[in-house]
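When the chains are written out, they are named A, B and C in that same order, and each has its own residue count from 1.
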Amino acid sequence: MTGGYLLLVADLIGVAVFAASGASAGVAKRLDLFGVAFAGFTAALGGGIMRDVVIGAVPPLAFADWRYAVTAVAASVAVFWLHPALHRMRRVVLVLDAAGLGLFTVTGTLKALDAGVPAVGACLVGMLTAIGGGLARDLLTGEIPAVLQREIYAMAALLGAVLVAVLHRLSLTGLVPLTIAATLITGVRLLALYRRWSAPVAVP
Amino acid sequence: MTGGYLLLVADLIGVAVFAASGASAGVAKRLDLFGVAFAGFTAALGGGIMRDVVIGAVPPLAFADWRYAVTAVAASVAVFWLHPALHRMRRVVLVLDAAGLGLFTVTGTLKALDAGVPAVGACLVGMLTAIGGGLARDLLTGEIPAVLQREIYAMAALLGAVLVAVLHRLSLTGLVPLTIAATLITGVRLLALYRRWSAPVAVP
Amino acid sequence: MTGGYLLLVADLIGVAVFAASGASAGVAKRLDLFGVAFAGFTAALGGGIMRDVVIGAVPPLAFADWRYAVTAVAASVAVFWLHPALHRMRRVVLVLDAAGLGLFTVTGTLKALDAGVPAVGACLVGMLTAIGGGLARDLLTGEIPAVLQREIYAMAALLGAVLVAVLHRLSLTGLVPLTIAATLITGVRLLALYRRWSAPVAVP
């Protein structure tokens, strides 16, 4: 398996997991089958669409490569029928979600850097790639985005994006250093979940 | 009348009808005159703006051709003053809305295909052109988008977009086959309304 | 000080003030530190990002020039810690916000005209530059956008945008006429606040 093929497979697993999170939110809000698929598509591919629009890579990958849309819709339809099982697997889902966070941050930051976005902006774009889908999912289903309210989620992504920018500056963009960066993001996220770390809220 | 002129007139009628739906929602939420015009503009032109941004056709038609913005705002202001009459005409409005759905799907899908978006992506872009404005209208007015919750609306658009992609592959993109495609979408939508068809909702 | 440097400083002051408005909304909604910073970033830079995406100036300034993001985040974090003081200074904040409205409208309209957007579209883009951040802030925090509901805010921006388009047509785009246009928008906004002017709401 080549690196490119490996990356595609990893990317599609991330898409499926994020789609499942969107579809679950849609089921909980009593959306119909189309609504559940749309919420899943948005959660999985919304962040990548934002990234591609912002860096000028149009049409975005979500529309240019049919495998992304088909994966997102298939995962969403599966959740529509099988959501009680998903609830029982929620520990697995949280781990996969953390893996998706790490992966999307690394690929998003790298894509922005390669498109010529300066380092600070590229870190923001990388983080947005990872959290944008969840943001859009929450807005679609009438919720204040969870990522703004609690837990260490976006901060783990931002930290990892900075690491990717440093690695890029040092020309260390091979598979090994990038895998380490993604794993670090995933690890920080899981540790924060396990230890119930959360960001401070302002004193009223 | 040439085909181009005919298309422009049809397009502007679609814009006016979708603007009326947005303006009505704005009136119902007690928005002020500016808010009603903005909700109308968004409902009418939001889908086309998303389409143009995603396919890289900037500035979007909504900003490049003043007739679109002026039509949307004029229709919205008319609704602001005349909304009780609109309520009495709601059957006519539903028929015109279904016609707008058909037209926007066909032109959106075709524009995406002509911009080089592959078939699956172009179908999604075509559907988004038709439902995007309504989605944005509902988010602006604090509602979970209606298109995600009930009735056959987006599915009719998606079905029609697939037909357009097939016609495009067969080089059948003359006025007659495209009109048939738009009419089919409109017909499916109206039939679904009449027969009260709806998409399934997940078992809790 | 050159004109370009002066403009940058003015722009960053506008960014800081708009970020403070977003951060305040975030504190009021009990968002965590990241959420407050994100709401501030969105309020400050959301309008400019919409402008740049729509006119094809990618990556948007918010990602291309680190000073914008750093200013927005620094102002947001300051509000997170100091928000009671902000409440006491709310008259000052309203004046600065009106100044930001004037400035962002003028630079947004001009940027759109320079990018080749026709006059009507450029006025809409200019207005969107000024109100887009506030719109996005309200959507993020689960509110129907305030700008659609009450007071003369967007109308002042639109009026000023039309003036900028006229000045541009007359080739009067020096610092003096543009400063007059920005001051006019700010003045109309403050007068509307002082006199409690508001736009009409439809009769039910």
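Criterion: contacts are C-beta pairs under 8 Å (C-beta built on N, C-alpha and C of every residue); 3 or more make two chains touch, one makes a residue touch a chain.
To keep track of the chains, here are their UniProt names: A, B, C = Membrane protein.
As the structure is a prediction and not an experimental result, all values here were calculated from the model.
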| item | value |
| --- | --- |
| Chain contact graph, described as a line, ring, star, complete graph or other shape | complete |
| Angular offset of subunit A relative to subunit B [C-alpha, multiple of 5 degrees] | 120 |
| Where subunit B and subunit C are represented by their mean Cα positions, the distance between them in whole Å | 30 |
| Per-residue multi-chain contacts in subunit C, two or more chains | 53, 56, 139, 142 |
| Subunit C residues within the subunit B interface of the complex | 53-56, 112, 115-122, 124-125, 135, 139, 142-145, 147-150, 154-155, 198-202 |
| Residues of subunit B touching subunit C in the complex | 26-27, 29-36, 38-39, 49, 53, 56, 58-60, 62-66, 69-70, 80-81, 83, 139-142 |
